[in-house]
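What follows is a set of structures to go through.
In the two complexes below, chain A is the common chain; its partner is chain B in one and chain C in the other.
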Partner chain A sequence: MSRVDGRLKVTGAATYSAEYKLPGLAYAVLVGSTIAKGRITGLDTKAAAGAPGVLAVVTHLNSPKVPGFDTVGKDPSQPATVGGPLKIFHDDKIRFNDQPIALVVADTLERARYAAGLVKAQYAQEQHQTNLEANKPRAFLPTSAQKNPKSPMADYQRGQADAYRSGAIKLENEYVIPTEVHHPMELQAITAHWEAPDRLTIYDKTQGTLATRRDFAKEWNLPEANVKVIATFVGGAFGNALHSWPHESAAIIAAKVVNRPVQLMLTREQMFTMVGYRPHTWQKLGMSATADGKITAITHESIGQTSTYEEFTESTLAQTRMMYQSPNLTTRYRLAALDIGSPIWMRGPGEATGAFALESAMDEMAYLLKLDPMEFRLRNYTDQDPENGKPWSTKFLKECYQAGAERVGWSKRKLEPGALRDGDWLVGYGMGVGTFGAHRGGAHASAQLLPGGTVLLQCATTDIGPGTGTAMTQIAADTLGLPPQNIRFELGHSDYPQAGTQGGSSTVNSVGPAVQEACLALKDKLRQLAATGNAAFAAAKKEDVVLADGYLTLSTNAAARVPYADLLKQVGGTAVVVEAKPGSEGQAYSMYSFSVHFAEVRVHVLTGEVRVSKLVSCADAGTIINQKTAANQMKGGAVGGIGMALMEHAIIDDRYGRYVTKDFADYHVPVHADAPAVEVFFVNQPDYHVNALGTKGIGEIATIGVAPAIANAVFNATGKRVRELPITPDKLV
Partner chain B sequence: MATNPEPDVPANHDENRRTFLKQSSLLTALALVPGQVVDAAAAKFDERIADAFEKVPLSLKVNGVKQKLSVEPRATLLDLLREQLHLTGTKKGCDYGQCGACTVHVNGQRVNSCLSFAVMHDGQEITTIEGLAKGDDLHPMQEAFVKHDGFQCGYCTPGQIMSAVACVREGHAGSEGEIREYMSGNICRCGAYANIVAAIQDVKQGGQKV
Partner chain C sequence: MNPFQYVRPTKPQAAIDAVAKDPNAKFIAGGTNLVDLMKRGVMTPQKLVDINRLPLAQIERQAGGLRIGALALNSAVADDPQVRARQPLLALALNAGASPQLRNMATVGGNMLQRTRCAYFYDTSMPCNKRAPGTGCGALEGVNRMHAIFGFSDKCIAVHPSDMSVALVALDATVQVSGPKGPRSIPFADFHRLPGDTPEKDTNLEPGELITAVDIPDGPFTKHVHYQKVRERASYAFALLSVAAALDIDGTNTIKAARLAMGGVAHKPWRLAAAEQALVGKPATEETFRQAAAVAMQGAKAFKYNAYKLKMGPNAIVQALKTAAAA
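Then we have the complex of A and B:
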């Protein structure tokens, strides 16, 4: 089935957050600091304030008090969080380069932009730290792990610590991934509108309408019911909109100051500095194995970058703890706080970083053992979760190995690198495995029968691109037995029934069952209404209820027919709100999605140029609701992995603590010419331990494991092992 | 400051011109209605008068509709379309001509609308994504994008489609490789590239008029 919002997207009618032309709309442009650490000692905003069309210049000197900025962290009933988001215009401190120091609001975009260039600042500069390598000695255990030894961020050990060191066949290597930036095509944007002094509406780029509502209700000390967050369309995010950012607070402040709706869209340069990124991470992985290919020990350590004001953590070492059968295993996760904006989870968060080290090391050990890398993985395959001893809810990774190997032509692969050549191109094959928890959170959905026979479903979830609306429409259509065109699924509004944030591959797992339940509850409600005047319905079960052509009827008794109109007359509209919650199965099973990616690469012998000529991505993601959109998501994740492997690298000039990559000319992402036709294979076996639909999630596993598959293929082609991404030609010639 | 959006225009140049405009407009206005303007000057009334001098007339045909406009010379075609004509189908993805989200047709040629000033297009015909369909009938390229799922979030889509139509018209859709090369100015961060290429090939092979 094609996307339900396809027509809106191909005609330009889909409305994103900077496209709400409210009456009196004003435009805001942010001014950023030019130092990375210190204090603002002087701000000259006179010229900007006097420039044509300027309505306000907001700075820490004149910003209205944001009540939540003072109370956050001071509530005695809530334990203090580890740091917190930057409080914009709250004080004179500079914590990272390009930190917003002023916001210029004007009646047109051109005027706001011009005036923003007139703001001048003086600083008392302090010595900043932006280099991860130099700050490794200062790395620390995250506070969450210090407080709670059972935290997933705490040190982990099974068997003996660092046992690989005494192994007969062993390796120990360091792996580095640079800072990568989400860069969704839609720039971060918000339209903020105070509809009354205590009623705020924001049209915002967010992955969670309710999380965003909670954050800003808290900032302004408002009841949540007074804050409306609308995100009908989100132009990509990849994790970038999982956090409430300073520019959002700034736009809301500005709207208050000028008492008009304010639109603020970041520049591409600002997308590097203030709305998160995948953190620059150093890793060391030691592994030992027996001569017959059994892993005896793994130690995996990582140091990831965070900001000075917020402790950002991610599950970099999670895959290592559960993927392979290693009796001795140690993981240590550390953070280094730098004078840079806070990171935020980026597609395949943590796991994608960790998998680069783990899956590269697997390839290296296989080569050391003179084993086929797939065979080596099979010899260490786990039939239960070695981290906790629980059985997998489902695991069809072997099936994925087999399907992928066949499709990529794995049999052509030579054990020795450099053995395959096509003219001036060396050809190599590599594989990389990915996994991510099959997470499910509570969600509500409402279902309503409209007089024309359409069923309207609503949920506060968002759709940042995977096709949530389409999948939910299919689930509803299947459950109700109606054609999809009779279903309308509305999302992206905080007034709709509760759903979690769209992240961690959990949306279909969570919202899908809520939609299913809402549809069943609607059937039952309609049956009850019909039963008042029709005995056949009174005796029927909800499963027997059929909605067809304006009538309610029964699959067990076609003669029983009640027109919708009669039902609606009784209630003046029908709305049913239900909740679906995870069951207790999670206690008994380890629930994960799995993927394996196979890459065929060509490396030019003279220039070191790497071309990914073939990618096969295979996934055990449970039930696939929509083959078309799911395959698209897998292909997209693979393209993201190509970027991670070969080109993405945000570079900071440590002298100034500022990114020198500031647009798509410097920071390369894959374009059409870089993307091969990705072949996708789904096992498509339901996992009913996760939910009644059997889904496990796709978004993350589409990317996790792709970068090491490419790096391993590059080794197979050239004999050169690159352990620091991206694999640019200079590392190969 | 962090970014000077108009590096070619020294700030003082603009200010000097503005001072001149302010004075001359004030003098003119004073001669007409002295009492009111003296009061209004304090309320930035002079700015509004100066504003009129700073704008230049512009005639465009946008999606077949003639537009008589008055625009600031520094307004880009993209910002004019989005913020003044409310044709928000054309997207801003970088403002530097690097991503292609803002692709429109100018006299039939594909152009990054963020890289050109609106005033450069006086008398020209602009087609945006909103002008591609014929009423309710989608353009074949739009149909093909839906059929092949040539998008995810939809933000780069208008630019991809405008570029794709031009790519076929230019005769650059002869093979998968050629399409990839000639579509490489349009970034899709969701990574729907393979599906976009399939959509373009479908249209090309279908032989429909684009």
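Then we have the complex of A and C:
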């Protein structure tokens, strides 16, 4: 089935958060600091305030008090916080370069932009730290792990600590990934509207309407019911809309100040500095193995960067703990706080970072052992989770290995690097494995039968691009036995029934069952209504209920027919509304999605340019609800992996603590010519331990493992091991 | 962006007068570079003189060569049958630049005058002698991966980003300009400048001078040509460095004439005359190409992050010559 909103999107009819043209709308532009650390000692906003069309210039000197800024982190009933989001316009402190120092609001965007250029600031500059390498000695254990030794961020050990050091066959290497930035096509944007002094509506780019509602209700000390968050369409996010950011607070403040709705869209340059990124991370991985290819020990350490005001953590070392059967295993996760904005999960988040080290090291060890890297992985395959001893709910990774190896032509691979050549290009093959927890959260959905016979479903979930609306329409159509065009699935509104944030590959896992339950509940409700004075329906089960052509009927008894109109009359003539929340699942199993990516690359012998000529992505992601949108996610994730492997690199000039890559001319993401036709294979086996649909999640595993597959293929082609991404031609020439 | 006046003359002289009389006026052609720079506050003209209505878009045969109007679109030049037949190197270089959408807007004159992509030039809060003379060179001890290995000064180590210009300098083109003092022609190799002490000046154009056309003399380089562009992705990226190579090879595989130039290595498109000399009279073999590449790199000097160019440069020259010879 094709996307239900595809036509709206490609024809421009879909409305994104910066496209709401509310009456009286004003436009806001942020001015950023030009130092990385210090204090603002002077702000000249006179020229800006006097420029044509300017309604207000908001700074820390005149910003209205945001009540929540004083109380955040001060609630004794809450666990002590580990920092919090930047409080915009709250004080004179500069914590990172391009931190917003002023917001100019005007009657047109052009006027706001012009006036923003007139704001002048003076600073008392302090010595900043933006270099991860230099700050490694100051790395610390995250506060969450200091407080709780069971935290996934705490040091982990099974068997002996650092046992690899005494192994006979061993390796120890360092791996680095640079800062990468999400850069969805749609820039971060918000339209903020105070409908009354205590009623806020925001049209916002967010991955979680309810999380955003909670954050801004707190910030303004409002009951959540007074805050409405609308995100009907989100033009990609990859994680950077998982957090509430200063620009959102700024637009809401500005709307209060000018008493008009205010629209604020970041520039592409501001997307580098204000809305998170995949943190620059250093890793060291030591591994030992026996001569017959059994891993005896792994130690995996990492230091990721975070900001000075917020401790951002991610699961960089999670895959290492559970992927291979190593009796001795040690992980240590640390943070380095730098004078830079906070990071945020970026697709495949920490796991993609960690997999680069782990899956590169697996390849390196296979070479040491003179083993085929796939064979080496098979020799260390796990049939139960070595981290906690639980059985896997399902694991079809071997099937993925086999399918991928066949499709990429793995048999053509030579163990010896540099052995295959096509004209001026060296050819190589590599593989990389990915995994991500099959998470499921609670979710609600409502279902109503509308008079025309359409079933309307609603849920607060968002759709940042994976095709949530399409998959849910399909689940509802299947459950109700209706054609998809009779289903209307509405999402992206905080007033709709509760669902978690769209992230961590969990939406179909969580919302899918809720939709299914809601549809079944609707059937039962309709059956009950029909049962009033109709013995056939009274005796029937909800599974037997069939909705067809304006009638309710029974699969077991076609003669039993009640028009919808009659049913609707009974409930007041409008709609039948049902809400459902599925029960929680047991935790007796370890539940993960798995993927493996196979790459064939070509490296130019003279120029060092790398082209990915083939990419095969295979996934054990449980039931595939929609082949098209699922394959689309896998392909997008794989292309993201090409970017991670070969080009994405946000570079800071540490002298200024400021990015020198600030646009798409300097920060490269793959173009069409860089992306081969990615071949996708799904095992498509249900995992009913996760939910009744059998889904496990796709979004993250689509990216995790792609970068090492490419790096390993580059080694196979050239004999050059690049342990610092991205693999640009200068590193190979 | 600053407010600006906008005029759209239809006669070249009116356009020239408009810019010559106003130091804050700028011509605008496709706008694909100038408008970006205005948005970033790097250039702040108060008047834009739109030259798109001037009759300067023709591509014509003339005695001894081709004349390409300054307003001819990059895409139109690359697709022109005369250009493809007589100067295929130019078509290759043009198609290696930017994207189809941009080439459909970009003009020949604008392409030559596009400004460096140095990040320090683009960020108005950073030092840059080219943008703000006297503030220093941010790149000298900064992130200088993309920067020059030839002809730089301690005032500026930026490179000229144009692909088209690398082919034009190799092909001995001449720039036709018209200014307040009348028309004149400038050999392409003298059109762009080295930074010296005045990196703010990219070219030798005088204030108010309008490029009207580029002339390319007919030559023997209709077959053995190649434009090798090394970049970090397959398309739509500025060159780490590039090589324009053109050979005239006789029936005995001897090189009768050669042209060689590099992009992404200097403040101007970099003609490699000594390397050309090293090719002439030699057999068209990889050995010859390697020797010429070594000659080409004489005098190259790297900075902290662009040392790779010292190795990539000669390799790309060999690759370009090999491909040209085989074409």
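Assorted remarks:
The rule we apply is simple: the second predicted complex is superposed on the first by the 719 of 733 C-alpha atoms of A that agree within 3 Å, B and C clash if a C-alpha of one lies under 4 Å from a C-alpha of the other, contacts with A are read in each partner's own complex, and residues count from 1 in each chain.
Quick note on the criterion: a contact is a pair of C-beta atoms (placed from the backbone, for glycine too) under 8 Å apart; a residue touches a chain by one contact, two chains touch by 3 or more.
What you see is a predicted model; the values in this text were computed from it and never measured.
Within the superposed three-chain model, A:T34 lies in touch with chain B and with chain C [touch as defined at top]. Once chain A of one complex is fitted onto chain A of the other, the partner contacts of A:E110 extend to both chain B and chain C. Of the two partner chains placed by superposition, only chain C is touched by A:D424; chain B is not. Of the two partner chains placed around the shared chain by superposition, chain B is the only one that A:G236 touches, whereas chain C remains out of contact. After overlaying the two complexes on the shared chain, residue contacts for A:K150 are found with neither chain B nor chain C. A simple residue count on chain A separates chain B from chain C, and the partner touching more is B. Touch criterion met: A:Q633 reaches chain B, while chain C stays clear of it.
In the superposition on chain A, contact is made by A:Y656 with chain C only, not with chain B.
Of the two partner chains placed by the overlay, neither chain B nor chain C lies in contact with A:K65.
Contacts of A:V671 after superposition: both chain B and chain C are touched. Once the two complexes are overlaid on chain A, the chain A residues touched by chain B in the first and by chain C in the second are 34, 110, 113-114, 117, 663, 665, 670-673. Looking at the complex, you find that chain A touches chain C at residues 34, 110, 113-114, 117, 424, 604, 606-609, 611, 646-647, 651, 653, 655-656, 658, 660-663, 665-666, 668, 670-674, 728-731, 733.
By the touch rule above, chain A contacts chain B in their complex via residues 2-3, 5-16, 18-19, 21, 27, 31-34, 52-53, 98, 108-110, 113-114, 116-121, 182-187, 233-238, 265, 267-269, 464-467, 628-629, 632-633, 635-640, 663-665, 669-673, 675-678. Interface residues of chain C, counted against chain A in their complex, comprise 1-3, 41, 117, 119-120, 122-123, 125-126, 138, 141-143, 145, 228, 230-238, 240, 308, 311-312, 315-316, 318-319.
Only residues 1-6, 11, 14, 18, 47, 50-51, 72, 74-75, 79, 82-83, 86-96, 98-99, 101, 128-130, 132-133, 138, 142, 145-147, 149, 151-158, 161, 176, 179-181, 183-197 of chain B touch chain A when the two sit together in their complex.
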